Each structure stands twice: as structure tokens, then as C-alpha cells.
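This is the structure I have questions about; it appears just below.
Chain nomenclature is as follows: A, B, C and D, assigned in order of appearance, with residue numbering initiated at 1 for each chain independently.
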Amino acid sequence: MSDEERLKVLEEKAEELRRLAQANGLDLSAEIAVLEEKIAELKRALCLGISPWERVQMARRPDRPSGLPFVQALCEAFYELRGDRVVGDDPALRGGLAKLAGHRVAVLFHHRGATPEEQRRARFGMASAQGYWKARRIMEVAARLDLPLLTLINTPGAYPGVQAEAHNIAGAIASCIWQMLRHPRPTVAVILGEGGSGGAVALAAADRVLILENATYSVISPEGAASILWKDAKFAQEAAAKLKLTAHDLRELGVVDEVIPEPPGGAHTDFTGTVEAVREALLRHLGELTPLPLDELLRLRYKRYRHVGSTNSAH
Amino acid sequence: MSDEERLKVLEEKAEELRRLAQANGLDLSAEIAVLEEKIAELKRALCLGISPWERVQMARRPDRPSGLPFVQALCEAFYELRGDRVVGDDPALRGGLAKLAGHRVAVLFHHRGATPEEQRRARFGMASAQGYWKARRIMEVAARLDLPLLTLINTPGAYPGVQAEAHNIAGAIASCIWQMLRHPRPTVAVILGEGGSGGAVALAAADRVLILENATYSVISPEGAASILWKDAKFAQEAAAKLKLTAHDLRELGVVDEVIPEPPGGAHTDFTGTVEAVREALLRHLGELTPLPLDELLRLRYKRYRHVGSTNSAH
Amino acid sequence: MPIRRDKRDRYVEIEVSAPQEPLWVRCESCGELIFRRKLQENQYVCPRCGAYFFLSARERVASLVDDGSFTEFLPPRVAEDPLGFADQIPYKDRLTRARKETELFEAVLAGSAQIQGIPVILTVMDFRFIGGSMGVGVGEILALAMERAAQERKPFVFVISSGGARVQEGVLSLLQMVKVVVARERLAQAAVPYVAVLTYPSTGGVLASLGGVADLTIAEEGALVGFAGPRVIEQTTGERLPPGFQTAKFALEHGMVDAVVPRAKLREELSQALSVLVA
Amino acid sequence: MPIRRDKRDRYVEIEVSAPQEPLWVRCESCGELIFRRKLQENQYVCPRCGAYFFLSARERVASLVDDGSFTEFLPPRVAEDPLGFADQIPYKDRLTRARKETELFEAVLAGSAQIQGIPVILTVMDFRFIGGSMGVGVGEILALAMERAAQERKPFVFVISSGGARVQEGVLSLLQMVKVVVARERLAQAAVPYVAVLTYPSTGGVLASLGGVADLTIAEEGALVGFAGPRVIEQTTGERLPPGFQTAKFALEHGMVDAVVPRAKLREELSQALSVLVA
């Protein structure tokens, strides 16, 4: 039995005890407390000391909190904007206007889909040219309305398809980066799951970049790196370690500003807790950025990105 | 024999006399002078007192100075920009960067094509969605590079096609108008031939709007108005008069700032002279606008368009 | 009048006749005779076949705003009949007739209102008024409304039902396209949001100006969204129109609008949109 | 090495081997043995079949600028091997080898130059240098060059030949996409023009950042222009690639570039473009 299966069994048992206690008026609090301690321990065990490769697997879980349900839980109100105004709409990259703790904000996010049908339509979160052209349009709306911009990233990468190329996906990604860098209000990005390559960085040129503890951010998938550099897909685990794609590696490299802890067992074990943690971090960073005058915001943004890796800041 | 045919005969005769005089060393200057006077008289006759409907016909002449040849003659240097960066390129609406009397400018223009093949490809100057999305892109480039924007208009109207609709031609035209109104440097539009409806106004939201003497600018073609309002295409001539679409009507309505005279006989009888006249007027208006600070330019632009027709300024 | 489509899913335009007030109305789409009060209660959607009837500007306002919250703006002073135009009948007579029939000053109605408690500046077109065409009057009403929205920092809402430009005002009607966009830029400068609502029909110069530059665009289910009318396209290009061409769904699939909603849910949809647009 | 296409008009990538200097070179496209000097004179286009060979950065510079006008910038101080990376060989060794083979500090060469008398800041990539990949060094060289162009108010010219990001520098190479765009914004703020030249190959992170946001974009006839490589697309999606996919002509037809020119005319084309970009 895997740790995860064991955890599930324990949780069911605890739940049953609670039900019993309530139904029959029994005091089972001691028994329940023992179980709860075991559960907490197991969750910690599941989370700590896990390898980069395991984190890659965790970041890719389809049940990881993300996408539309995440945004709907995060914001009191969310109104979706659709379409790039030229070609179409992309279900893998979505966005709109929202209220977050009373503040008006614009939100962009990858949506991987919950059902198999939705996942197929959203290409498992790989957005196409239309998605990125739409994202740029929504950034422009947000700029016009003077709204802070939040992005929630979870994508294996941009979609490599014939139509994507025909509609200039490269230009669309480049335009997103540019528009985000010109945004006249604070921008905060949160990497919730996979931060895959160009498809992620298009939404990550933010004033602050946060990441969940078991999320990843990488120039290439470990499998891709293995097959290109080692000419052998079996080296994916090694690549995962060497690419420094885990949250803590990224923090050390100065690429992300904060690692948001996940609940014991991983974000997927506690949707609400994860949303709350992200919300708290978002509001804190927005609170720090909001008072800054525009020229200072742009100066700090320039400084942040102009020198990435330029000096031996890491190691 | 029509006046135009008579003119042609006289011009050939004069040319022959000149050739004879030169070849045989004869002095035929008196005879030539008589002919030249007749020619000038006929040209004046052709131009004056012509009806709105005749001007509509003149504005539509395929040999009217316009399009790429016009721009190449107008500017010392012209570099074409192509493509809307999302879908494709449109040969009916073209543009690029140019040098005009030593000044860097951006130019947008309708191109109807010279050869039948070119005309077919350019849909006789009816630009599609891609053309207007490209135009907006070129306006953005011009804004970024701080260049004045010139537009040269000659179109029956925007193209009414399935692909045009699918790529949001209405949004593209609206975006052109908007971008032109936000342009941070002077903008001057010249209506060279047909100024047809939305396809024309997309490029005509300028600080100054000039028009050639026999060009037209109208909300609808006279034929269209006749069939909609009179339910009979035969009323096209009457509609042409009532729509007030001639240069002089437009000047009276305050819609255009200047009517550029055409050479006797019409612009098509003198390509070089027409280009020169347009060039002189363009430089004069640019010269007036260039010293204005941006806020004053935008104030005047707002004033100009905010009150079109709002008061009984005409009649 | 109901909005019909023929078998190939295209819209068929219908002559708009003078609004009498018979007790019973026939749905031209399914033939059903409907009690007028019933039709009204159903927001002018045929209870039998779901066909959308035109909604007058006043009925549209009533269907969208909080009861009693609408304050109509005074009509502006504009050049009436600036060209002295006459076709089969003088334009002045046409204007007079439209005013009498619709009890509106122009093809657009403007005022301040509240939508589920949110104050907005609301402008609603009326297709019965010379095909909802935009002339100097419509342009002026829209521009004034936008200037007011910018000044009062209230969201600007524009419900379109228009066949395009007011041909009888010639090039002056064409230039209203520029006028409304220059006023729209004022909204942008003030960071005041602008919501467009596309209904049947949203075409021509209105769509290709103010209708094309909203921050947020909602289409009513029965909307027709396009620059050129279906017949013009067929006649000019000889192209076959694909099924569902220029419907609200077509517009959504081609990335032109943010949402498509049935008429009955438009008020709720608008208030949801507005709730994220205001502080 | 020549750039070949297979029968379906797709590009075939070719291993780039160490540049020796044999007197004769075989065209891998048509099999012709070509005298090296002759190939050089023909700007590395096969005189027999017209296939494009890679041009090294220095050869590209020589083919574009006025004789003797190029002044190379000093290499910047950057983090070398910031991750301490090793795959089959240590990244440090790979870098050392690339430097020795190409006699370049990095995959892009930067300097000031004149093109037909017009002063520019010129940056040229070299595909032989680890596939023209963009790591911290390339990002730094490009950003410094753009800052200099903005300061000196000279047009910035960027000739791309890149397979994408420098995988061995991990996420730091990915972030160079942001670095070069933030520097590009400096050009925009100074109203200094930026011209991109796309050659074989212009792909991945370089195209999807600095390569995608030029004021004016020229593609060399033999260019490959695309975000994802053809093989990746086929493998990931199973889609059949249309003929001419990702060629310069494809890019032109799909609105992505302003012009396509043969290599022999690139210098003249650039000078024409620059002539309308400078006062």
C-alpha cells in the first residue's frame, strides 16, 4: 500500500469515528486525536524530502487546485472575458475581471479542465495562439481600466500545432511578455502547478512571482531535456534534479519571490487551504506594490528582469 | 465624339506637329499654340460644371492616381510593412514607413491595382479584415517611433465577405478609428478617389482631411442609396447629388479642410501634377501641425470630431 | 415583430410597421397567436418557439434597470436634416413619423439608471426608429452620455440595435463613427468601463465604431453581429454563407464577444459584469 | 552546412560540425563539390542548387556592414554555468568547446557598425554556438546592445539564428526572454527603431521574445520561422504539416513578416529599411 493509499484509509477511519461519535453521542476524541496525529505525520512525510522528480509528478496532478475552480474560489466575483477579437477563443488560457478581497483586478490563468472532454478541448492546459492573443487583449483592457493584473500559471507549455504556428504563437507570447512589462499597475504571478517554458513565461513577467511549494518552473520538461541532452528519456529524473525547477531551487536562484507552503500531503489534498494560502500571499504582495507610484513600479520591474542571471547571484 | 475623345485627337495632333517641327527644322509654333489653347479650353470644360454623378465616375476611374505608384512618386523612399501578425496580409490596404521631403512618416493607403490580376487580388480596393488589422498595427509602429501618419484613401468600401466577418472586420475598422484618434503625432488624410463608407473612414479620423477636386466621400454609394431609399437603382444620379459627396459639398459641410485642385481634365490626365499638388498640400498641413504640443493636438482633434454635425453649421 | 431565420439559419429582416397595440400578436416564426400581455411578460420572446421579437428602447430599459431608476436625459440640440435630404419622402417627414411612432427623439435613448443597485449611464437603441440608424442626433446623444459617464465615473452601457448609418444624413452620419469613438477615448482616459450589448441587429457603422471598441461585450442570444448584411455579402461576393453565420454563437466562436446570454438572463449577466467593473 | 528540405518542403536539421577549412565543400542538398572561396563569394548559397548554408556570425556581419565599420563590443561579465550543469558532458566544457570552435564569446555577436552609411547597433546570432541558444550571456549581450542603441539613438538590428533557449541554464535561460523584452521596451521609450532579421532557424524562445516584437521584420529566403520545431509538432499532435510550413514564404503569407529577401539582397533591403527609419 502506498503512503497515499494509507493516508486515505486513515482519513476515512477518522471520518467514520467522527460520524459515530456524533450519531451516538459517544466521546471518541482521544481515538480521533491519535488518528489525526498519524494523518498529520503521514502528510508531512509525503511532502518533505521528496525528490524533484516527485515534485514534477505532483505539479502535474490533474486534481491539483488550478484553473477556473481555483479562480472562482479565490475571488468573490469573476467575470470571464473571451476571444482574441480576430480569430477565436481558447479554452486553455482564460481570463477576466474579478473582485479579490474587495479590490478590482484582472486575472489570467491556464485551465486544464476537470472532465476528460474538457481536458481534451483545453489540450491539457496547452494554450494556442488564440489564447495568448486573448491574454494580451485582456491585459490591454486591464491597463485601460487601471487594474492590477494577476496570473495563475499551470501549463505543460504552449501548444505546438499547425494552427498555432499559422496564427503566430511566437509573436503572441512575445506580445504578452511585452504588454505585461508595460502594465501600468502591479502585476503578480503565481505558479500553481507546471510552469512550462514559453507558455508559462508569457504570463510570468510580473512584479512578483510566487510559487506553490510543489509547483515547478522550467525551460523544458525533464523528459524533453533528457531526450535532447542525454539522447535518452530514461534520464528524465536526473534532468529534473539538474534543471533546478523546484520551488526551493527557484527561490535560491532568485527567480521567485516567495514559496507558498502547501498543506501536508500536497495542494491536492486541501483545495480550500491552498486557495487561502495563495490568497493571503497575493493580497500581501499586492498590498506592498499598490502604494508605489508608476515610475517606481516600472523602475523596479526593469531592475528585476534586466539583471536575471547577469551576475553570479546564485551558488 | 465625346469631349474626351476630342481632347485625345487634339493632343495627338499637337504632338505630331511638335515632332514634325523638330524633325524638319520648321517653325510651327503659331499652329501649335492655337492647338494648345484649344486643348486647355477643352480640359477646363471637362472639369468645370460637371455633375456629382460625373464626379463619382471620375473618382472611380481605374487610371486615377492612387495606390502604390502614387506613394512611390510622393515619397523619396518607401518601405512597405506587411501582415497583421495574426492571420495574413491584405493587398488592398497597404502601408509602411516613408520619407517625405526629408521627414520620416508612416503611410497607409488603399491599393486598387493596375493590372486585371492585381485588381482581382486587391478586390478593386476593398480591404478585408486583415487589411484593417494590419493598418492598426502600422499605426502602432508609427506611434512607437513618433512618426506623423499620412493616409491616402481610395476605396469603394470595406470588403463584405465571409472571411472578413469571421475575422471581425467591424472591430478592425473601429480599432483603426480609435488608434488614429490616439496617435501621438499629426495625422493627415487625403481622399484621392472614392472615399467609400466605413472602409474609408477607418483611415480618415485625421487632424486634417484633404480631398482631390473630383474625389468623393460618402456614407454609401449612390447606387446603394438609390436601391435602399428609392428602391430603384435608376435614382443613382439623383442620390449622388443629394448625398453631398463631392469635394466642394464636403468643404461646405466642414468635413474636409481643403480641396486640392486637379489639373484640367482630371487627375488622371496628369499623374505627376496631381502628386505634386497633394505633396504640397500635405507638407503645408504637416508644417502647421508639427509644432503643436501633444495635448494641444489632442484637444483640437477632439474638438474637430466631437461636434461634427452637432450644430447647424452647414446651410 | 419577431426575428426569423430561414431554413439555412440566416436572419430574415422584417419590415417594422407602426406599433399598434392589439391584444393578440402573431409570431411570424411559428404562427402562434400570442396574448400581448403574455408576450410582454416573456420579454418579447415567443413562448412557443423561442423566437426573439424586437424590443423597443423603452421596453429594453425596463427589462434591464431597477424599477424607477431610469432618468432620461434631455434631447440635445443638433442639426436636423443637415443635408436637406429627400428621397421618396422628405427626410424631415420620415423623422417626424419615426418620432411619432416610437415616442422617441432619436434612435437611441439615454439616461442614468441603476442595474441591481449599480449606477450606470445607459444608452439603448431602437430599431423601429429608421432602422436604428446613427445620424448626427444618435452620435450626439451617445457622445454626451459618454462624456457624462466619464465625468461621473459611472460605467457606460450601450445596447445596440442598428442597421448602420443614417443614409439621409450623408457623410455627416459616417463621421458619427469618429465622433462616438473620440468620446469613447474620453472614457478610456478616465478609466471608466464601457460595456456593449449586441442585439438584433448589430451591424454596419455602429458595430464598426462604438460597437467594436468596448471593454466588455455581451451578445444577446438572438443577436445578428456583422459589418455587412448577409444579403450584401451574397450579392457582392457570390459566397455561400456558412450555417449560423453572424449569429451570436458565431461571434463567440470567432472571438468577437465575451458572452452570449438569453434575453431573460441579460439583466443578471449585466449586473455580474458590472459588479467586477465598479469599486 | 547547407539547409536542406526534404521532398515535402520541410526543413531537415543538420548536425553542425566543427568548422574546418577544407578547400572544397560538398553541398548536401545537390551533392555538388564547391570550391570554398567560390561558396564564400556567393554568400554561402550553393551556386548550383541555391541551398542556403549556415552563415557564421562574423561572416554575416561582413556580408551586411560597410567594410571596416564593425566595432565589436567587449563581452559582458555574466554568471557562467549558473546551475553547475552537466549532462553527457559538463556544460562548462560545452561552452569552452563552442568558444574555441566559433571564436565567439557567446551565440550572439554585438557591435556598432554602419550599413550603407547608416550607423546601427548590430547583433548577430551564430547557430554553431550551442544551436544559437539564448542563455544568460546571450540575454546580457542583447540587453546591453539595446540599452546602447537607445542611448545613442541608433537603430537596433538583430539577426536571428537560434534553436531556442539554452537548456543547460535552466529557468535562467527562460527568463532571458523577459530580460530582452524589458530592454526592448527601452528602445520603444526612446522611439528608437528595432529591425529583426529572421534566418534559419528562428524558433523557440528567441522568436517568442525579442524576435516577436520588432518594429520591422525581414525574413531571409531560407529562413525557418516558428515557435515549435516541425518534428515536435508532428510528434505531439500527430498533425500533417502542410507544404511549405514555417518557411519564410509561409510567414509572409500568414502576416508574420514584412518582407522576404534572398541572402544576396539582404544588405540592400536592410539599408532601404534603415533609410526610412533614421532622420
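Keep in mind that, in the parts below, contacts are C-beta pairs under 8 Å (C-beta built on N, C-alpha and C of every residue); 3 or more make two chains touch, one makes a residue touch a chain.
Model, not experiment: these values are computed from the prediction.
In whole angstrom, the spacing between the mean C-alpha positions of chain C and chain D is 52. A straight line joining the Cα centres of chain B and chain D is 41 Å long. Centre-to-centre separation of chain B and chain C, using mean CA positions: 33 Å. Residue positions of chain D touching 2 or more other chains: 254-256.
The set of chain B residues touching two or more other chains comprises 84-87, 167-168, 171-172. An unclassified topology is adopted by the chain contact network, corresponding to no line, ring, star or complete arrangement. All chain pairs that count as touching, in label order, are A-B, A-C, A-D, B-C, B-D. On the chain C side of its complex with chain A, the touching residues are 188, 191, 193, 215-216, 252-259, 272-273, 275-279. Residue ranges of chain C in contact with chain B, taken from their complex: 76-79, 82-88, 135-136, 139-140, 143, 165, 167-179, 181-186, 203-205, 207-213, 226-228, 232-233, 236-237, 239, 241-242, 245-246, 250, 254-256. Across the complex, chain B meets chain D through its residues 77-89, 96-99, 104, 130, 134, 141, 144-146.
Listing the residues of chain A that touch chain B in their complex gives 84-87, 129, 133, 167-168, 171-172.
Residues of chain A touching chain D in their complex: 158-162, 164-175, 177-178, 181-182, 197-198, 200-202, 204-205, 217-220, 225, 228-231, 235, 239, 242-245, 250, 253, 255, 301-302, 305-315.
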